[in-house]
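Letters A, B and C mark the chains in the order given here, with residues in each chain numbered from 1 onward.
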C-alpha cells in the first residue's frame, strides 16, 4: 500500500497539474436553448449551424439515456458548463503567442517538442477553443488543409464542412451525439487532396482544464482518393472532485484507395465521463486503421465504427483498454460491411485491475450485398486480481451466405507459471507482472509511433506498480 | 496419337489473389499408362502445376491450354476433371470433420459411377485395399484425415487412388516427411495401382525412394515456372548427384 | 399478445435487436398435449399442481408466467438410483397451443437419461414445454431432445435447473424440423465442480427461425461449462444464438467454453450470434469461438478433386454436422432414430 501512494504521486505529476483561470469566459451551467443560442453567438456560427444546434438540443431532450452500458448517474447535465473559453482567446500559429499558463501546460505535456521532432502539424485545444494550430510548410504546400473547424466553417471550405458535418454521426444517433450537435466547440478539420501522402503524422491535443466543464470538440477528416494520412489524437485533464464530461465526435471520410490511420491514447482524469463517438466511412479499396488505447476516465463509452461502403474497403481495429480503480470502461467497435469483398480485422485486449471494470462490446454486421466479405476478431481479457471485472459482449449479424466470419474471445489471468519463470530469472514479482501486462498490450504498442508507445508503456508501468502485495 | 492422355501447352498461371505469375509457360505431354517425374528446386512451381491441372480455384490460368483425354479442361470445375479420371494426391491432405473416410470414398465412387454401391461389396473392397496399405481398419470410421499422422494421411490418399481407379494420377510429394516403412507401404500402393489400374502417373518428388520400383518413362525439370529440361529415367540419378545447379542458367 | 423472452443477462445496443425476442401474437396456452411413456424401474413419477424446483429458466419469467397460466399439472420424474434404461417421453402435439410441464430430479449419486421426442400431428400449431431439473451431488442427468415438427409449427422449449456439488447436466438438442423454435436453458452452476455440457445441432430451411438463449451461471468453485452449437441454414431461414458464460466472484477455478459453427447454404439466410462472457473472478478461464460461413475453399477443392459435386458436398456436410452431434448420444436406438429422420 505504501508503494501505491508513492505511485499515485508520480501519476499526478504527469497529467494532473492545473491552474485557475479567473478571467475565462464561461456560459452558465446546464443546458437550455438560451445557453445553446449563446454559444452559437459567441462562436459566430452561420445561421444553419445555429438551427442545427437547436434541433440537436430537441433531439437530446427526446432520446433516453442508454439502458445497456455503465451507469452515468453521477453525471448531472445541470452542473456541466458546456462552453469555457480562455480570456481574449485567439488561435495562433506560434507557441510564443500562446498565453503563458496555457503554453506551460502544453509544454509539460510535451506537445511543442513532439511537434518539432516528429509531427507534420499540431492543433492544441484548451477547454472549448483551439489556442494553437500550425502545419509544416512543406505539408501545406502539398495542398493539405489542417485547421480548426471554426475557421473552416467560415473559410473557403465552408461548403465542404456543411456537406459532411454530422452526416456520418447524425444527432439522432444517440443521446450524446445529440448533445454534441447542440454544444460542439473546437476540434480540427483535415483535408488531404487526391494522391497526397502525408509521411509524418498530424496531431490534435485536447486539454480540459476547467472543473465541471464539458469538452465537445469535433474532428472532421477527409482523405481524398489514393491519399494517406496518420492522425494522432491525444487528450488529458487534471483530476477534480466534480464530474467532467467529454462528448467529442470524430467523422472520418476515407476516399477511394485512400488510407487513414487514426491513433488515440486517451488518458482523461478519473472524474471524466467520456461519451465519445467516432465513425469512419470507407470507399472502394480504402482502408481505415484505428489504434486505440483507453487508460483514463471514470466512465467510457467508446466504440469507433467503420462503415465499409465501397467494394474492397477494409478496416483494422486494434485497441487496448486498461481499467483500474474506480473506472468503468466500456469500449469496443462496430463494423458494417456494406459492399462486396470488404474485410474487417479486430484485435483487442483489455485489462482489469484494482476493482476496475472493462467491457469489450462489438457489433459486426455483414449486409446482404457484402458478398465475399471477411471478418476476423480476436479479443482477449486479462484479470489482474480478484476484485475486478471484465465482460465480453460481441454481436454478429450475418445476412449473406458468402461471408467468412471468425471470432475468438479469451478471458483469463496472468499465469503463475509465467510469473514463476520470469522470477526464476531474477525479476521481482511486480516487474514480472508488469512485463506480462505490457506484452499483453503490445498489439497497440507496436502500432504506435515510438514516443507514444513509450508513453503507453509508462502508463501501464504506473498502473501496475503497487498492484500486488 | 490415340494414346495421348494429357497435353499441356504454354500453360501460364498466377495466384488468384496476388496476380503473381507462378507458371510461365509449361509444355508437357503424357501418354496413357506412362510414368513421368517432375523434379525441381523448392518454389519452382511443381505443386502449383499439379493443383492447376486439377482446377484449383486458388490459381488462375492466364494462358495456354490443358487437354485431357482430348478435351480442353482449362475451364472445367474440379469435380468434372476428377470424374474424367484425373486424381491428385495432396501434399497436405485436408481435414474434413464429420465425414468418415469410408463414407467419403463411397460417396466419391458413387458420384463417379452414378450408381449406388452395395454396402457389403464396398466394405469388402475397402478392407482388402486397406490391408495392402497396412492401414488399421479403424481408420475407415474415423473422420477424414482428422487427427491422422502424416503417414496415415498419405496412406489415405493412396487408398483413395486405389479405390477410385483414375486413369491419371498426380502424386504431389507423396513420399515427403515419411519414414522408411511408410515410404515402402506407399510405394507398394503405387505399384498396386500400376498393376491393377495401369493408369498414367505424374510424380512430383524430391527423392528417388518412391521411384525405385517403377519404370519411369520421362523426367522433367521445372525451374522458375518453366520446364527447362526433359530426359529419361537416368536424369534422376544425375540430379541427385549434382543437384539442379546446371539448370539454373 | 406479445411476449418478451430470451433476454441476455447483459444488454447491448438496442439497434441490433438481439437483446431479447418479442414473440408476436402469442396464444394463451391451454391444456396439456398428449405424451406417452413407460417409466423404467427406479424412476418415480408424481404429478404436482406446481413446480417444486425453484430455478431461473433460459427463456425467462414471461415464458414461465405464460406456462403457469395454463395451469397444467407438473409431471415429476425422480430417481435415487443409477437408472440405465432411458425414460422416453413421446410428445404428440395437436397444435392447440398446448403446454407441458416436466420436472426431473436426480438424487445424490444417481443417474438418469431422459429422451424427449417432439412430434406433431398437424402441420401447424403451437406447443410449449418447460422442463426444470435438480441434480444432486455426484449425480448425472442426461436430457436428449429431438424436435421434428410440422413445417408451420411454433414451439417454445424452456429449461432451467440447479446443480449440487459435482452434479452434471448433459443436454443434447437436435432441431430438425419446425417453423418457429424458441429455446432457452439456464444452468445454476452454484456448487463446487458442477458441470454443464450442451450440444445443439439444428437444420433450418424455408423461413424457419430459431431463437436461443443459454445461460451458464457459475458461482461454484471449479464449475465447468461447455456449450457447442452447430447448424445449417438454408433458404431464407434465420437463427439467433445468445450464449452467456457468467463467472461470478468466488467461482475460482471455473472453466467455460462456447463454440459455434454455422454452415450457410443459401444467399438469403441470416445468422445472428451473441456469445457473452461475463467475468467477476480472476481465477477462471473462458473461451469463445465462432466460425460462420460457407465451406472452406481448400476443403471444397479437396472433395471436388475426388469427383463430388458442390451441391453434393454441401448436402454431405450439412448432414455431417447434425450427425456429429447425434453421434454423441450414447444410446444406439436414439442415434438410429435421428439417422432415419435425416434420411427423410
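Just so we're on the same page, a residue touches a chain if its C-beta (ideal position, glycine included) is under 8 Å from a C-beta of that chain, and two chains touch if they have at least 3 such contacts.
Quick caveat: nothing in here was measured; it's all calculated off a predicted structure.
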From chain A, the most remote chain by mean C-alpha position: B
Pair joined by more contacting C-beta pairs (B-C or A-C): A-C
Distance from the mean Cα position of chain B to that of chain A, given in whole angstrom: 55
CA centroid of chain B to CA centroid of chain C, Å: 45
Separation of chain A from chain C, taking each centre as the mean of its C-alpha atoms, in whole Å: 42
List of chain C residues in touch with chain A within their complex: 10-14, 16, 18-19, 233, 247, 249, 252, 264-294
Touch list for chain A against partner chain C, complex: 67-68, 361, 363, 368, 381, 383-386, 388-413
Touching residues on chain C, where the partner in the complex is chain B: 296-299, 301-310, 312, 316-317, 320-321, 323-324
Touching residues on chain B, where the partner in the complex is chain C: 54-58, 77-79, 81-83, 87-88, 90, 93-94, 96-99, 104-105, 107-108, 111-112, 160, 164
